[in-house]
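Two complexes are shown next, each including chain A; its partner changes from chain B in the first to chain C in the second.
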Partner chain A sequence: MEKLYKFLKYTFIILWTVFIVAPFLWAVSTSFKDFQSVNSKVTYIPWLDFEPTLEGWRVLVKSPARGGVDIVEPYFNSIFVTCTASLISIILGTLAAYALSRFTFKAGFVRNNDITFFFISQRIMPPIVLSIPFFIFLSTIGLLDSLLGLVVVYIVLLMPIAVWIMVDFFNRVPKELDETALIDGCNPYQAFYKVVLPNSIPGLIVAGMFCIIFGWIDFFFAFILTFTEVQLLPVKVVALNSSITPWWSLSASALISVAPLIIVAFVVERYLSKGNLSGALK
Partner chain B sequence: MNLIGENLTYKPDNQFHLNNVSFDFKKGNLYTILGRTLSGKTTFLKTIAGLLNPDSGNLSFEGKDFSKIPVWERNVAMVYQQFINYPHLNVYENVIFPLKQRKLSEDKIKTDVDEALKTVGLVGFENRKIQELSGGQQQRVALARSLAKKAKILLLDEPLVNLDYKLREQLREEFKKIFSKGLSSDAILIYSTTDPQEVMELNGEVIVLDEGKVLQKGPAKAIFENPRNLKVAEISNDPPMNILKGIKSSEKLIFENISIKIPAHFKNLEDQKYNFGIRASEIKLDDQGEEFEIELAEISGSETLLHLKKGDSKVIALIEEVMNFKIHEKAKIKFNENKFYAFDKEGELISSPYGDLNG
Partner chain C sequence: MAKIELSNISHSYNPNDLNPTYALNPFSMTWENGKRYAILGPSGCGKTTMLNIVSGLVKPSKGNVLFDDNDVTNLITEERNIAQVFQFPVIYSTMTVFDNLAFPLRCRNFSEEKIEERVKSVSDTLRLSTFLNMPARKLTADQKQLISLGRGLVREDVAAVLMDEPLTVIDPDLKFRLRRNLKEINEEYKTTLVYVTHDQNEAMTFADNIIVMDQGEIVQVGLPKDLFERPKTTFVGYFIGSPAMNLFETQLHSDNSVKINDTTIKTNTNLSKLKNNNIKLGIRSEFVKVAKDESENLLEVNIQKIEDFGNFKLLTAKMGQLTIKSKINREIEIPNNTIKLHFPAEKCCVYQDNKLI
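On to the complex of A and B.
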């Protein structure tokens, strides 16, 4: 029975892994093909099945004048916008979440839960509803088609995620921990950054991951709010597609698009599995 | 130069957590707050610490208005019933935390921390993480942190309640030692608990609290001997004191068709209805005694708690040996009539076996 269970378990894990990894392998192999190898017959293994070429990758760095699609600048634009917006969202969101978790607000009929819901409701709205207001807002303040404008929009999109995750996290940190810090001679600000914050690292990492992922994969707002001056990676990758679908360069660009997320996941995973807080606070 | 509270009242949402509480705590003394769960003990301690602001009343310490001083400048220490430590710091860093906050000199800090760790028996654990410690050890760290601080006011909020039985006994013994030698003469120690036995063992000044109200104040012995009313009698005894509704008529004390010869201290009582009180430990099994029906028998350690019933009267007897009883069987018991209390209809103590009602 034990053995059967183990057998089934590992079979499932292996099948699932194949299911997840296969598209990556397919993309890696395709990115080294040329027109001939993609369209003639089914091929899998480089050198054996087809002659590998770097053409798919070269197109990505060549300037448009020389028949390429330069994605280097959009790539760094995307990194800059995602990181800046995520960082600001985490800082503001954590402060807001701490206040919502620890202090009681009363303004008319508005209470803490209403404020928290207000933040989260920004994510409930379909993006299309936000697109026109954002467009008018950015064009009014003259930030349409600029990095700064994108950062502002992404903060609006990402901060609710940070608030949502951190409110939940702080609610699970006992109030007595802050109180002990106050009794031990910390003023409320010191209690926050000397005691509460160091114990909130797992929550901060989770919130940061979500912000980075949602910022990085956004296509919709990047597409609507930028034209020629500034372009972000997802928009540029789509622009690769022409009358003949260039599978090789599409694969290459897809691979370097997910690369940062994979790196972030590997770095962060070590901190998450530490379980810094588990069992410490009863 | 004492810690003085005057008519402290705290009632959020129109519910009394503290109801007109006054006290005068002197330095070098141990005070215990006895009350059931939700009686306002934690509110009482948090008010002194400054974590809560009373709605009305005055709180002063060393002649200064305490309510004007924020928590972090009050120089108090507090141990919670949950084991609250800083999980991101190790044992040593936990204990040193409040001292570093005060920016004292390194050498002094070091000796204070070592001394505190020695007092609670955690020498050698300095570099351990909090998560690696047992509940009892975690609570010792919290205690060490509050001792190292050498605070003028030390608050302990049911520090033993979340520990298992054995550890509780052991730590309680150590507490007595720590308090007897480790407490400097200019500190006030306030200890809250639900356990009457702890109160008796710590043997300090007792405040009995119920629904935010002070029911009785006095030395532990006085509370034990002369509980002012039925509520205090119930709170300050474990198991709670048995209360039997009955009447006194000339030489007899009558309840549920049982009549007992009155004890000497009841001689001067008027003949009327009373609530008679008797402790579980003053009821013994006796073949010549009265017949009661057994409702439940709890065996705890080396004792048996026998829940008995006759008519409308229920009593709990503490039998000092482990015996097997069958539920719904009859048991014959005898009351030690010399240890009867008498409370009037309003529940106030009228007569006590220890005499002197004002003591």
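On to the complex of A and C.
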């Protein structure tokens, strides 16, 4: 029985791994092919099946004037917008979440839970609903087609995620921890940043990870709120497509688009498994 | 260290409602400097609320808190210089044991030499010295609670150390030692200790003075002996002592005696001014004895069961509908059916409307 269970378990894990990894391997292999290798017969192994070439990668960094597409600038634009918006969202979101978790708010029929829901509701709405207001808003303040404008919009989109995760996290940090800090001589601000915050690092990391992922992969707002001045990576990658699909450069750009998230995942995983959370109480 | 005075304090968690419910009814009390107090009562009787009012975590709906005659009611916790230990260990899990113990001193800008000295002294007392450089989260539950306690004791000038059932998670053997340690600390440093518990043995062995609470009221304040022998209300009689005090519905008989069924029981209380309704007689099972040659205050009872507790026997007997419990010496042989029990007059307490006469 136990052997069967083990067998099924490993079979499942192997199948799952193949399912996840195969597309990546396919993309890696395709990124080193040329037109001929992609369109003739099905091939897998470089040097044996086909002659590898770096053309798919080179196109990405060549300027358009020399026949390339140059995704370097959009790449750094994306990094800047995602990181700035995530950082600000985490800071504001954490403060808001702490307040929502520890203080009681009352305004008419509105209570803490309603405010929390209000934050989350920003994400429940289909993005298309927000597109026109955002467009009008950014054009009014003159930030359409600019990095700063995108940062503002992304903060609106990412902060609910931070608030949502951190409210839940702070609710699980016992109130006695804050109270003990007050008794030990901290003022409420010190209690927050000296005691509660260091205990919340796993929560902050999870919230940060989600913000970065959602910021990095957004195509919709990057697409409708920019034109010629600035471009973000997802828009640029989609723009690579033409009448003849350039599978090689699409694969290469997909791989370098995913690379930062893979790095984030590895870093975060180490922190999460450390178990900093366990043992604050009991 | 300070004298702590609670003057006309009352507290409600819903003061703005039409009919606010009070977690603490109005009371006044003074905690003398350097003494040990235990607050004893069932869950939800307002013990923790009282502590939180003293430490400033809760602001009382009415009344004032005074430390050495200074009104601190409106001061926040940080400014009160008080220590509080909660029921479950609270540690700063990202810090080492040393940093945990040093935290209250660092918050108050003590010098590093002073911090070193105090942390060493407290960690020696609590036997935490070998763990000082370990991350606090790696310790066991009872060691973590020792850290909580240590943070309370590390400041010498603290007005009082408030403890909210602090030994719940600690195993019995260590509990006993810690209670003794706390007593020693109190005697050495003259720190006022206030100890909330629902365990009467803990309260009795620890405190100079015991405050018994029930449903937001302070029912009795007194020495362990008074609480045991002369409980002011039937609640105290019932709550303190194991088994609870024997209580019987009675009728007045004369100026100093009452009747249980048809038996007259003499007491040392003057009953001449009482009305004959809702009178109860209370006596501790420790004072109910098997009669030898006494001639009065005797009750003839049927034995129900005898339980052997090792150091004593607990006899449960019936007289009509009444149940009487008596703690007796192990050596005494008890016949199987009927027996005469003696109620010493000086140990009988008479209650009207559940209050001691």
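Going forward, the second predicted complex is superposed on the first by the 279 of 282 C-alpha atoms of A that agree within 3 Å, B and C clash if a C-alpha of one lies under 4 Å from a C-alpha of the other, contacts with A are read in each partner's own complex, and residues count from 1 in each chain.
Operating definition for what follows: a contact is a pair of C-beta atoms (placed from the backbone, for glycine too) under 8 Å apart; a residue touches a chain by one contact, two chains touch by 3 or more.
Here the structure is a predicted model, which means the values were calculated and not measured.
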Side-by-side fit of chain B and chain C on chain A, or clash: clash
Partner chain(s) touched by A:Asn199 [first = chain B, second = chain C, both, neither]: both
First, second, both or neither for A:Thr180, with chain B first and chain C second: both
Common ground on chain A, meaning residues reached by chain C in one complex and by chain B in the other: 174, 176-177, 179-187, 190, 195, 198-199, 276, 278-282
Interface residues, chain A side, partner chain B - complex: 174, 176-177, 179-187, 190, 195, 198-199, 276-282
Residue numbers on chain B that touch chain A, as the complex places them: 46, 49, 51, 70-74, 76-78, 80, 82-88, 97-98, 101-102, 130-131, 135, 145, 149, 162
Contacting residues of chain A [partner chain C, same complex]: 174, 176-177, 179-187, 190, 195, 198-199, 201, 276, 278-282
Sites on chain C touched by chain A in the complex: 55-57, 76-78, 81-84, 86, 88-94, 103-104, 107-108, 136-138, 141, 144, 148, 151, 169
